[in-house]
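You will see chain A twice below: alongside chain B first, and alongside chain C after that.
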Partner chain A sequence: MEEPTLRMRKLKVIFPSGRGIIRAVEGVDIDIEKGECVALVGESGCGKSVTSRSIMKLIDSPPALTRVDELYFGGKDIKDFSESEMRKVRGKEMAMIFQDAMEALNPVITCGKQIAEIFLRHHDMDKKEARRETVKALELVGVPEPASRAKNYPHELSGGMRQRVLLAMAFACMPKLILADEPTTSLDVTIQAQVLNELRNLQKSHDVSLLLVTHDLSVVSNLADKVYVMYSGKIVEKASLRQLFEKPHHPYSIGLLNSVPKLSDEESGFEQIPGTVPHPMRKPEGCYFHPRCNHATEKCKKEMPPLSAINDESEVRCWHPRNMEREEAMT
Partner chain B sequence: MNKDPIITLENITVDFPVKGGIPFLPKKRLQAVSDVSFSVFPGETFGIVGESGCGKSTLANTMLGIVKPSVGEVTFKGKKLFDLSRKEFKSIRRDMQMIFQDPYSSLNPRFTVFQVIAEPMIISKSATEEEMVERVGELLELVGLSKDDMHRHPSDFSGGQQQRIAIARSIILNPDFLVCDEPVAALDVSVHAQILNLLQDIQERMDITYVLISHNLAMVKNICDRIVVMYLGKVMESGRSEHIFDHAKHPYTHALLSAVLDTNVEEERELVVLKGDIPSPIDPPKGCRFYQRCPYAMQGCRTIPVPQVEIDSGHHVACHYVNGFPEGDKPEDYDKRIEQAHEEANV
Partner chain C sequence: MKKGYVIKRILYSVFILFVVTTLNFFIPRIGVDDPAERYYPPQGNMSDAEYEVIKQLTREEYGFDVSTPEQYLNYLGDVAQGDFGTSFRSGNPAVTGLIADRLPWTLTLSATTLVLGLIGGILFGVFAATKRGRWQDTTLLNMSTIMTALPAFFIALILSFYLGFEFEIFPAYTNPNLVGDFSFSLDGLQMLARNAALPIISMSFGSIIGYAQTTRNAVIAVTNEDYIVTARAKGLPQRSIRYKHTLRNSLLPIVTSLGFSIGGLLGGQVVIEQIFNWHGMGTLFLEANEMNDYPLMMAIMLLLSAFTILAILVTDLVYVLLDPRVTVGEKR
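Right after this comes the complex of A and B.
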């Protein structure tokens, strides 16, 4: 078997603050195979963005304290890479697409120059070649009239176009892994459909691995092969896309799936998850989800369940997983 | 529905002058809403759907008398909103309230929850201090918070709870008419359902008429009785919920429906991906405003103005492709045309 693009074991990120300690990420394992699209799904504050940023080592320490047992990327152990070593990896082998393109781009530099910077930095190119590659990169992501768009400043482009510029930057060096943090949240629905389409085509045709971080399960359905559901700093369910959407085991995953409004729904009510996400400084004892769970028992209030395999395709962190075969559920 | 409408909009056009331009020449004007008419009846939920820049928020502001239309008339409960005196307007404003998209920026961070919720009562001078405390407590419980939360500040609450506070504030004066401008767009997915259920619950209890503004058709589907789909300031299609969802005719409605992502992995759905971006509403085309992105655009679409044609009782569509051009060229069956277009595309 081929080596995985990313293998991360027991990532922990802590933010100490005056009023207490925020445990943002508590022991997250992530594996991404070559050419695979993995989705990390969770609500705001569950630690999904911190996880993706720590893979790129973009979390400043201090204030944060990061610890990871294993971090292999493309066969290399990057756990102890220094900042200068990481700089050679970022952009070239690992790239990131941010949520808000207006904030990710420099407003006083033209889009073309910002893309060309990547080529100048990572490839031995002169400015002319870099400019030519930039136009090619823009063309790749479906920007009309790429040569003249490259001369525009970010504010002159529409939201969808800006997001494409970010795509172009991420795909510029054809990295092994792209981390996309809520790539379409700030876009309109029809534009979101365009950008997702583009992202999927590029990912499949260039065999790039993708980690898609999102709060919206419906975005995932079109892209991902494998889904990690995160809640309050821990992975609560890990499953193949099909498995998760057809037979979710964790009550939280079920709640998330039900809360997506569907066109096929007939009833007028909306299924809801009661309560809210716990405050990161005041996480409950036992299973973090138990105050919001309909099936919680005494055991759930005391002990945190382990992430255990249910079948080949899914692992779940729950004492009473749902949607099980009858015999298993009895035990 | 033979009741009198609670609010009627007639030929509303709103435009704003654009900053800059050449001095001494007439300023360019941005047409945010163009010739929109509809009525909302008591007790119903009326949906306005469209992407950003389609004028749905401007329309909401016009309904509440915040933005004055350049052409057209808003009639609320039989009174012309923009002909009222200041005093009359103030008293009628009590019956109409609004919920905004971002709960945090719509709540004053320096006020306590009590001050936030009671503010409309303080302004209308309609109650004593004790009455207010009691009423605020009742409302907090109605929206799923507790009485003791009254003395905390908005920043102590999560986004969903803040939206509940905003809802409590909007219903304290017992309004008849409530405009919800993207009430859940800024919230987490798992909280969406809570807020929407709460809104429905309140509607049943207090008999309020809602106008719900959203960009997500799936969200609107099961709450709204009637829906208008807007694009670049114009109404593209309007009708009862089942018209829009089961018998959508306009190509833009189709695109919007297809852009709603589903969690169904079994079924491969046909995706209509529109090309291009939403064009600028400055100097819009004379004909159909959607023609640049329309997959079925024809020669005349650019120049010939599109009328609203009623194709079923209460179901209006503004599209040359569906209705045929006004003169000559008889309207054909829509489905046949789509088939033809597909065949042509395949050849």
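Right after this comes the complex of A and C.
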């Protein structure tokens, strides 16, 4: 079997602060195969963005402290890579798509120049070649009139176009792995669908691996092959897309799926998970989810369950995994 | 769009200048019944009849024999032609000539202070921002607190005493022969530099620290922006991130503060020039003030306002060059 694009073991990220320690990520393992799309799902503040940025080593230390047992990327051990070694990987072999293109693009530099920077940095190109490649990159992600769009400043473009500029930046060097952090959250629904389509086509046709960080399950169902559900800094369920949507095992995953409104239950509205995510400085003892769980027992209040395999396609971190078909498959 | 903005901005500045000129004409006239009495105060040994004659002559000479609106129009016309009337120091020299004589000396000080302040301030500010929270940064913060409490004239007095009198490193006050002896030769420039050293140093302290603080805050604010993370995620080297992505965005608040600080710089310089007896507009203004030399005072005030208006205009135009987002109607 081919080497995985990413193999990460026991990522831990903590943020010490004056009032205590925030344990943002507590031992997360992630595997991404070549050309695979893996989704990392969870509520705001569960540590999913920190996880994706840590893979690229973009978390500043200080203030954060990061530990990882294993970090293999594209056959290389990048665990101990220095900042300058990482700079050669970033943008070239590993790229990132950020959530809000308005914030993620420099307002005083034209979009074209911001893309061209990548070619100038990672390839032996002069400015003229870089400009030509930039136009090609914009064309690739479906920007109409790419040559003249390249001369525009970010604020002169529409939200969808700006997001495509970010896609163009990510795909510029055809990296092995793209980390997409809520890539379409800031867009309205129709544009969202277009950009996601573009992202999926490019990812599949160029065999690029994708880590999709999102809280939007409809995005997940469109793109992902495998899903990691994250809660309060830990992976609580890891399953194939089909398995998760048809037969989720962790009460939290079930809650997440049920909180998506469906046409069929117009009368009942949609269910929600009671309570809120625990404050990262005051996580409960035992299973972090037990205060919000209907099935919690004494054991759940005392001991954190391990992530254990239930079948070939899923692993779950629960003492009492649910085992029932959901009434209908989600689409 | 951009061109329209520039023209609009220039017209606006001209309008403000007109308003300032109008105020400059009317404010000195508040509470003055008869300007002739200000120009020519009554003398002890003069009869009332004689004084009346003299007052009438004075009015005619200075143009007070016509109605106020007429005087105002005459004033606007004269100012537009660069004629600020005659001073009434002995010999009645033209105000324009007096100012032209002093202006280069004043600008030498202000321009040097400004350039030193900007270069020193930006370098120090960027440095402090990269050492955020460490002692270099804390030093800047403390210095900036101290400088807020220490006016430039106080620093000037201290420097004048220690560097001037005690250790005799620089002249404690300007050599009275400087103006007469100055020439554009090596010796002349050296003499100028030695004499200008203390006034410039006293003013630069505050300037450097002020711009450093603005720069430091701007750089830190920009460093936390998402597009800096994007730049890092592209694998750009530190140097390119700092100069291409961070500094250019950080310059915006610096440019803004620059335009507004020029008025303060010129105002503060009046006192500094007096302390070092510098042959500039500041001393000229204080001399005019002592002698109730209205035409001269009015001209200097107008010129200071004009400089400030010009500085703010230039600031706004530079801003357009630096920030593509600025357009008519949606500024900042």
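Following the convention adopted for this analysis, the second predicted complex is superposed on the first by the 319 of 331 C-alpha atoms of A that agree within 3 Å, B and C clash if a C-alpha of one lies under 4 Å from a C-alpha of the other, contacts with A are read in each partner's own complex, and residues count from 1 in each chain.
Operating definition for what follows: a residue touches a chain if its C-beta (ideal position, glycine included) is under 8 Å from a C-beta of that chain, and two chains touch if they have at least 3 such contacts.
Since we're looking at a predicted model, the values are computed, not measured.
Undergrad: Clash or fit: chain B and chain C on chain A?
TA: Once chain A is superposed (C-alpha atoms), there is room for both chain B and chain C without a clash.
Undergrad: One more residue to check, A:E313. First (chain B), second (chain C), both or neither?
TA: Neither partner.
Undergrad: Once the structures are superposed on A, label A:H122 by its partner contacts, choosing first (chain B), second (chain C), both or neither.
TA: second
Undergrad: Could you figure out whether chain B or chain C reaches more residues of chain A?
TA: On the superposition, B touches more of the residues of chain A.
Undergrad: So, A:K88: does it touch chain B (first), chain C (second), both, or neither?
TA: A:K88 sits against chain C, while chain B stays out of touch.
Undergrad: Looking at the overlay, what does A:V277 touch: chain B (first), chain C (second), both, or neither?
TA: In the superposition, A:V277 contacts chain B only.
Undergrad: Regarding the shared-chain residue A:D216, is it in contact with chain B (first), chain C (second), both, or neither?
TA: The answer is first: A:D216 touches chain B but not chain C.
Undergrad: After lining up the shared chain so the two structures overlap, which partner does A:H155 touch, if you call chain B first and chain C second: first, second, both or neither?
TA: A:H155 contacts chain C only, not chain B.
Undergrad: How many Å separate the nearest C-alpha atoms of chain B and chain C in the overlaid structures?
TA: For chain B and chain C in the superposition, the minimum C-alpha gap reads 5 Å.
Undergrad: Overlap the chain B and chain C contact sets on chain A and report the shared residues.
TA: After superposing on chain A, no chain A residue contacts both chain B and chain C.
Undergrad: Across the complex, what residues on chain A touch chain C?
TA: It comes out as residues 53, 56, 58, 86-92, 95-96, 98, 100, 103-109, 117-118, 121-122, 153, 155-156, 169.
Undergrad: Given the complex with chain A, which residues does chain B contribute to the contact?
TA: Going through chain B, the ones touching chain A are 51-52, 158-161, 188-194, 196-197, 200, 215-219, 221-223, 245, 255-266, 271, 273-278.
Undergrad: Using the touch definition up top, name the residues of chain A that touch chain B in the complex.
TA: Residues 43-44, 144, 158, 160-161, 188-194, 197, 215-219, 221-222, 241-242, 245-246, 255-274, 276-277 of chain A touch chain B in their complex.
Undergrad: Tell me, which parts of chain C touch chain A in their complex?
TA: Going by the criterion above, the answer is residues 225-227, 229-237, 240, 244-245, 248-249, 322-325.
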